[in-house]
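What follows is a single structure, and I will ask about it in a moment.
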């Protein structure tokens, strides 16, 4: 009985999909836009929201194309990177080999992007990465374009400047053991010491770790060893930040020094725990976050997104929307061909103003406009307030 | 109506016919011997009755019920318990635990109740009392707290019988209860068997090689040879039976 | 190594080791009684954590209610995976490898169901909101309310499980199954029922472990899977058959991951990112040098040996 039901539903599905194929007009040309993002794993929420951003962009572009009488339509082919480098390579390969996609929005993190890089470079597939920023991804001439979010060479410098400005003689860093975390740690250490800073003790933790009590104990011991005027810098993803805060909030040494940390630690989930929020507030926690200036499109994007998905877009979701638009505009200009898209993408990107900020690509194909905001926990612990700005292009910090 | 009746039992292992068209019956309250040279099909017959092996043909009727297609635990529940040639015990448990294991309907068996000792303690004590009684019946009482692995060969056999008794069986199948047991203890085992029949009315079907002891206790004997029933009769008749002497004793 | 670091790491060892013990005992129990090295065990932990999380989100809830919910849901997950997958497979007499692979598959299915639930209810990176408080402080020794929940609850449950196994009719039957399942059938032990009960216990305890684990970290569909290697290392140290060995194994693994790791880091600069390699290392060393683990160190009569 069950077998029969399954068989029937399979046949129905088959008929529907065949029917859908048949109803498509013969003279319509379909361009496939790959969406390679982590739908599972620790960053699954981000991946799913990013995919919705792409979906919105595609539906808008398709509507415009139809209204204009164009024969081109975009179609999405997505695959799950499982938030690992190998998974990203596999996902990109799957999308390319099953649909012939030439361009992919995503992967998300630098380690995923680097995992997919070899396949992309060898097969002429263009990766438009919406949020990867790790310094290790800044490579000239490759097929990876990081069109919105500037590389961490700027942010690591900003953090070093803040540490020096705060009078920290020595620093302890806890960072993810992946290209993003390692790159941030190296960049920070180099800049901190070049600016006259002393020792930097770094501790790496494995991505995906759910429990960081040893790491917190080690950080605490290292801070104790440095004595006064030491500061702490945390580079992690959200789950790591939560695991760390859970143990750090009762550590007498960690709660007596000043903290800095990457923007994953500013997520709403952190502030939802009053203990965590209070810990960050007491530690003068400051983060340097790429500031997406409001453009006329920003609010329109939020409204459209909310209308389409019945929920507000998550943090950074508009970057995926912008990346998808840049990818599609380039494909409309250059055609559905990886090499042509690669050649034309910087030109299109540099002439694009989306929901976040103007894109302007450097020789690595990365965003060169490096304007950041500085954020700290508000007095009522309810939000992160912008307390200043960092201009990476001029290397200057200004406080409000 | 006999307690157990085998009707034209057959068992094939591939091309080999281990039991060929055997019919026998075991009256209630009797001690029946089943003898024959090695490989004559005795143990296979025991396995067939206990449900450890499936029949190829024939029927088995126990207590007016056809149990031919029953599984071993169904058969056990109908009242047929068995002992093994090699003692099959839980060697890492005490003698008492071994005897308590087969008890039905234990309250402390349920995970909800098991943590609340008060709930099942009274029942467990009652079970322990009957277990102690059973151990006493087979003269193992002083060993109740001994690990089964520390018992002697004969004591292990007795413990097996004791465990079988806990299930209040009507019929006990014993496969060489004296194998590997010292001669004096072997006689004692049969004395226990006799007592259990006399006091509790338990029926026995016993495979045994030590005929000199067996013949002192049995009511009736079946002789198997090459899967067939060769002869049957009282102990004296069988001892005098010429063909039996030929195949069995080689004279 | 400074004293403060030592003290903190030992406190962590006790807290994490107790949780490992709770999870590893379940693995030892399934391996002994059911004869299945069950990799889906990780997911019963996660399922319990999610149950605890969802209950805790409904407002101020007594932690005991949270634990009970986690037990029930974890037990249900285990029982369903037994009845729907493992029991039918055992009925077909498949090989051990098939069973192991199917346990991976069951785990994967459960994990992705949890991903779907987490996505639907927007539960990613959410915490069970019991505010952390310091309840005892003496020099470097700091004990929190989470510690006060996790360590005693785990230890009490471990003791309860051990007494259950050694002192109750159910435990007697479970030990019988572990020793000789064929004989258990013949002498009339209700084998299938005891197996079901074992799954209920195993799943329930894993669920509670998940709830306790969720008290100290964010609940995510991957949390059980991340811990499973350490937990298996503990069970393997116990020879997959000894209760006392498994408990000792759990604390040894936790001690290596915390105190030993920090000692190596502080004195020899070994990177903390090598922490996940420790259970691997333990498993390989045990399997190569002492496959029976700690089994023979303890009273053999009380263990779940064959």
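We just call them A, B and C in the order they show up, numbering each chain from 1.
Rule of thumb we're sticking to: contacts are C-beta pairs under 8 Å (C-beta built on N, C-alpha and C of every residue); 3 or more make two chains touch, one makes a residue touch a chain.
Values in this document were obtained by computation on a predicted structure and should not be read as measured data.
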(message) By that same contact rule, can you tell me which chains touch chain A and chain C alike?
(response) none
(message) Suppose every chain is reduced to the average of its Cα atoms; which one is closest to the average of all protein Cα atoms?
(response) C
(request) Starting from the Cα centroid of chain A, hunt down the chain whose centroid lies farthest away. (result) B
(message) From the mean C-alpha coordinate of chain A to that of chain C, what's the distance rounded to whole Å?
(response) 34
(request) Round to the nearest whole Å and give the separation of the Cα centres of chain A and chain B. (result) 74
(message) What's the distance between the Cα centroids of chain B and chain C, rounded to whole Å?
(response) 43
(request) Write out the stretch or stretches of chain C touching chain B in their complex. (result) 160, 164, 167-173, 175-176, 179-180, 183-191, 193-194, 197, 200-201, 300-301, 303, 305
(message) With touch defined as at the start, can you tell me which chain B residues reach chain C in the complex?
(response) 50, 52, 72-73, 76-77, 81-82, 88-93, 97, 100-104, 106-111, 114-115, 117, 120, 124, 147, 163-164, 167
(message) Taking the touch rule as given, give the residues of chain C at its contact with chain A in the complex, in rising order.
(response) 2, 4-5, 8-9, 12, 15-16, 112, 115, 118-119, 122, 124-127, 129, 131-132, 134, 142, 144, 213, 216-218, 220-223, 226-227, 257-258, 261-262, 265-266, 271-273, 275-276
(message) List the residues on chain A that touch chain C in their complex, please.
(response) 40-42, 44-45, 48, 177, 203-206, 208-211, 213-215, 217-218, 220-221, 224-225, 238-239, 242-243, 246-247, 249-252, 267, 269, 272-275
